[in-house]
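Note sheet for the following structure.
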Amino acid sequence: MTVAAQTSSEKVRKRPFWTMERRDSLAGYVFIAPQLIGITIFVLIPLGLVFWYSLHEWNVLAQTFRFQGLDNYRALLADPGLPQVLGATALFSLGLVVLNMALALLLAVLLDQKLKAIAVYRTLFFSPVVVSLVAWTIVWSFLLQNNGGINAVLALFGIDGPNWLRGSTTAMISVIVVQVFKNVGLNMILFLAALQGVPRELYEAARVDGTPAWAQFTRITMPMISPTILLTSIITIVGSLQVFAQIAVLTQGGPGMSTTVLVYYLYQQAFQFHKFGYGATLSILLFLIVAILTFVQWQMRRRIVFYEN
Amino acid sequence: MTSKTILKSATALSGLVLPFLAGAALAQDQVDLRMTIWSANEAHLAMFNEIADGFTQTHPNVSVTFDSLPFDSYTTTLTTQIAGGNAPDLAWILETTAADFVNSGALAPLSETFADTEGYDIEDVSEQATALWRADGELYAYPFSTSPFAMFVNNDLIAEAGAQTPAELIAAGNWNWENAIETAAAVADNGANGLIVRDFNYQIWQNLASIWRGWGASPWSADGNTCAFTDTEMVGAMTFVHDAIFDKGAMPEPGESVDFFAGDAAMTITQISRASLLPQGDDAFAWDLVPLPAGPEGEYAVIGQAGIGVFSMAENAETAVQFLAYMSNPENSAKLAQFFPPARQSLLNAETLGETNPLLSPEQLENVVIAGISNGQVLPGHEGFAEIQQVVRAELDALWQADADVAGVMTSVCDRIAPLL
Amino acid sequence: MKTDLSPRMKVLVYGLMTVLLIPFVFPTWWMVTSSIKPISDIFAFPPEIIPSRVDLSTYARVFELQPFAQQYWNSAYIAALVTAGTMLFSSMAGYAFARIRFPFANTLFMVVLVGLLIPAEVTIVPLFQIFLGWDMINTHWPLVLVPIFGAPSVFATFVMRQFFIALPKELEEAARVDGLGRFKIFWTIALPLARPALGAVAIFTFLHSWNLYLEPIVFLSSPDLFTLPQALTQFTDAYGGAMWNVQLAAATMTAIPVLIVFIIAQRQFVEGLAHTGLKG
């Protein structure tokens, strides 16, 4: 064969070191170099530094930086506020993921119809994604005031709206809803694409068999889009653990500490109370939680995801 | 050439060259000072830059820039800069965080340089005004703004509601909190809103000091070590506030955004500098400025302060202190008095203040501003204030409900902050 | 799914979608209308869906209070730079991880993925110190370098890798047989085929950079250098009280252009996202 002949004559002519394979590997390293070096400098080294800070008590104003060993971690375990923070975080993430995925799926199903002007609806549902985050949150903070837009509209129907941002439950609901409406468009598009990738023959066959619509959904649609469901749930959960700006603008973690999620608590400790050492400790905790959750979800893919092959 | 000639020539030459070298050396010593401030107001900035230019006249190698940081995250942003090693040379400091900065050792001492500056007249700076900014007798920040809290009143709304105006109450010697709330409630019943404690918003609880001082209450003991929320004075004051909100409807409930200066409320407690927000033209209303009402413990005054400090870690700390001395000298203090009531007694009179506060009458200036500054107590502050503020705020959220148990909430506040005090 | 709906079902679907549309559209509508109301009308009761009094001066005031045009440009050029840089380097990395066999490829990919797990608040202080050491504080460098090379671009790399894995190999194999070097194959064959994925990456990346809030606040202190989200929080009066209507005018100007671009290009937008190969 020509290729083999070429290769052996190449081997004879060139130094045996730079084989095609080796050159390819080199190309591989060169290709990933910018990303890898960038990750090292801007992610891994800072992560190491954060861990280093977590072992110290760092008073910025007094300029003291004292090594404390694992004292910050002991303080973490003894922190009376932490259980509530973790509870709020779990509640927020769970509420957000469930609402987001359910709404995204519902919208995708509705948009998957051949109806006139469906593209208009699709555009409008997606529009909050491109609106500036700060702008969106500021607008909602207006609307959620006790005498703001939402309660005013409710009053037109004779409903006495609650003080949204001042009750612990309603505040949590508000923050979840604001975040969901902002971003659900993304998941909606992903689900829509997945839905449109389901072969029509499967539905045809089911209809011929007389399978009712709901069963078609659960037995055909859901399994076929399960890879997308898994992926979006991972992305959504990881994203939910990083939501900061909305809480900062809407509730500042209140009322009480009912909406103080972990990332906001971290910000308070480090940037508001100037306890950078303890803040770093909380950062490490947040990182571990995200890592473990992602790992668990990824491992569950065999159980959840239905592959045709 | 003889050695004498050589020496002469050398000296002559050096006489020519050395000034050049010295000049070059000085010119290379460019000093750029940076001061963080929380005002983005153009007029303020124009004035600051004017003062900075004045300093550059006598110190040609020095330039000063003013960084406006957003007010509500000011201390946080400042601390982040310091933590990242990018501390400014000078910074404005809120009275509530004064204790943290002054006691941290981060600020450079000022007294010596001030005393050494020609024409500074340090005696003129009132002792009381600088109390908050001293530690162990040394001055660490200069209080450039001492602003009394007072009450702006919308007489139009009060007349509409048929209630007694504060002016009438004062004339009758009945200007106390009971009557003030009566009037506020009447206006609220009539469709508008009653009393707004500006910037309180159910979050900045320390601004309620403008009310609770009337009961002689205080959040913690004078030495700052014991929680005083559970003392009878504070419980009494908070019960009064709670009833005013929920029973009488005299103050808007949480989550309601009401703006006095838009003409929507009967009264507001705020600092006098807000007078510039009073509307003109079509939206104008008949207004008045009165001192705070008397409480059960009598008359009182509350002031807010802002100080400027120099960070000792800054490269050019010495030059920065010199600039601060210049900025707070009598001449420039008079300029600053346009916007920031000064700590200098010589400037605390109705004429000087009147020139720069044209909206206020001499009586108002005398009764409210000058009396307030002379007799006023500063808003409460404490070391580690950021955390204490947040913890108390979280606990007090339980108080802002109709059926709250005031004494119970106060106890839980003390429980939470006792370890922090 | 179903392609033929009964008229009753159609009405139901339209009705449901219209009701669901309200929370998506109302805030944007309210933002635009409030930006031209006089400040006291914003909280008026009953709420005015169509403003009765119009005050267009707020838009002019936005430019008076801040170097807003400069800030707009800042946000725009930074986002453009970041998008271009990310598209280049992430597609390279994604391609390599997908197509090229080299030692430790999987391990290195895992290392890169760590970037997905770290929120900005966690690493902001060490990053601040790194950039201070490089004398880049109060410049735009951190806002450009970190998104291109750091955590935010990892998602882009992930997407590109997914796409290239799913791409049929025939064209590239043929090119390799012809003796084309790896980079040429990447540049002339693989990348042009990756247009949908690149489009999606461009959109994500642009939006992310456009919306950055914490980083500009931490790294920038001169108003000339501010970006839009940062500028939005600066519209306060002399004493820190928010000037609502001016702030909303600025917010509208921040949101509307992107929205208009989106509406025009929404088909490509949506299709790009749909074809990222993220289906799994």
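Should a chain be cited, it is by its letter among A, B and C, assigned in written order, with residues numbered from 1 in that chain.
Throughout what follows, a contact is a pair of C-beta atoms (placed from the backbone, for glycine too) under 8 Å apart; a residue touches a chain by one contact, two chains touch by 3 or more.
Please read these numbers as outputs of a predicted model, since none were measured by experiment.
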Quiz item: Which is the least count of steps on a path of touching chains running from subunit A to subunit C?
Solution: 1
Exercise. Select the chain at the greatest separation from subunit A, using centres from the mean of Cα atoms.
Key: B
Quiz item: Centre to centre, by mean C-alpha position, how many angstrom separate subunit A and subunit C?
Solution: 15
Self-check item: Between subunit C and subunit B, distance of the C-alpha-averaged centres to the nearest whole Å
Solution: 40
Self-check item: Per-residue multi-chain contacts in subunit B, two or more chains
Solution: 80, 83, 257-258
Quiz item: Which positions in subunit A touch two or more other chains at once?
Solution: 145, 147-148, 276
Quiz item: Taking each residue of subunit C in turn, which ones touch at least two of the other chains?
Solution: 43, 125, 129, 233
Self-check item: Partner subunit B, residues of subunit A touching it in the complex
Solution: 58-63, 144-148, 163-166, 252-257, 268, 271-276
Self-check item: subunit C contact footprint on subunit A (complex, rising order)
Solution: 3, 21, 23-29, 31-32, 34-39, 41-47, 49-50, 53, 106-107, 109-115, 119, 121-136, 138-140, 142-143, 145, 147-149, 152-153, 155-156, 177, 181, 185-186, 189-190, 192-198, 203, 213, 221, 225-228, 230-232, 238, 241-242, 244-245, 263, 266-267, 270, 276, 280, 283, 286-287, 290-291, 294, 305
Practice problem: Sort out for me which residues of subunit B touch subunit C in the complex. | Solution: 36, 38-41, 43-44, 67-73, 77, 80-81, 83-86, 198-199, 257-259, 262-264, 271, 273-274, 276-277, 283
Self-check item: Of subunit C, residues touching subunit A in the complex
Solution: 1-3, 5, 10, 13-14, 16-17, 20-21, 23-28, 30-31, 34, 42-43, 45-47, 89-90, 92-93, 95-97, 100-103, 105, 108, 111-112, 114-123, 125-127, 129-130, 145-146, 148-151, 153-154, 157, 177, 181-183, 186, 207, 210-211, 213-214, 228-229, 232-233, 244, 247-248, 251-252, 254-255, 258-259, 262-263, 266-267, 269-270, 273-276, 278-280
Practice problem: Enumerate the contact residues on subunit C facing subunit B in the complex. | Solution: 39-40, 43, 65, 125, 128-129, 132, 137-138, 217-218, 221-223, 233-234, 236-241
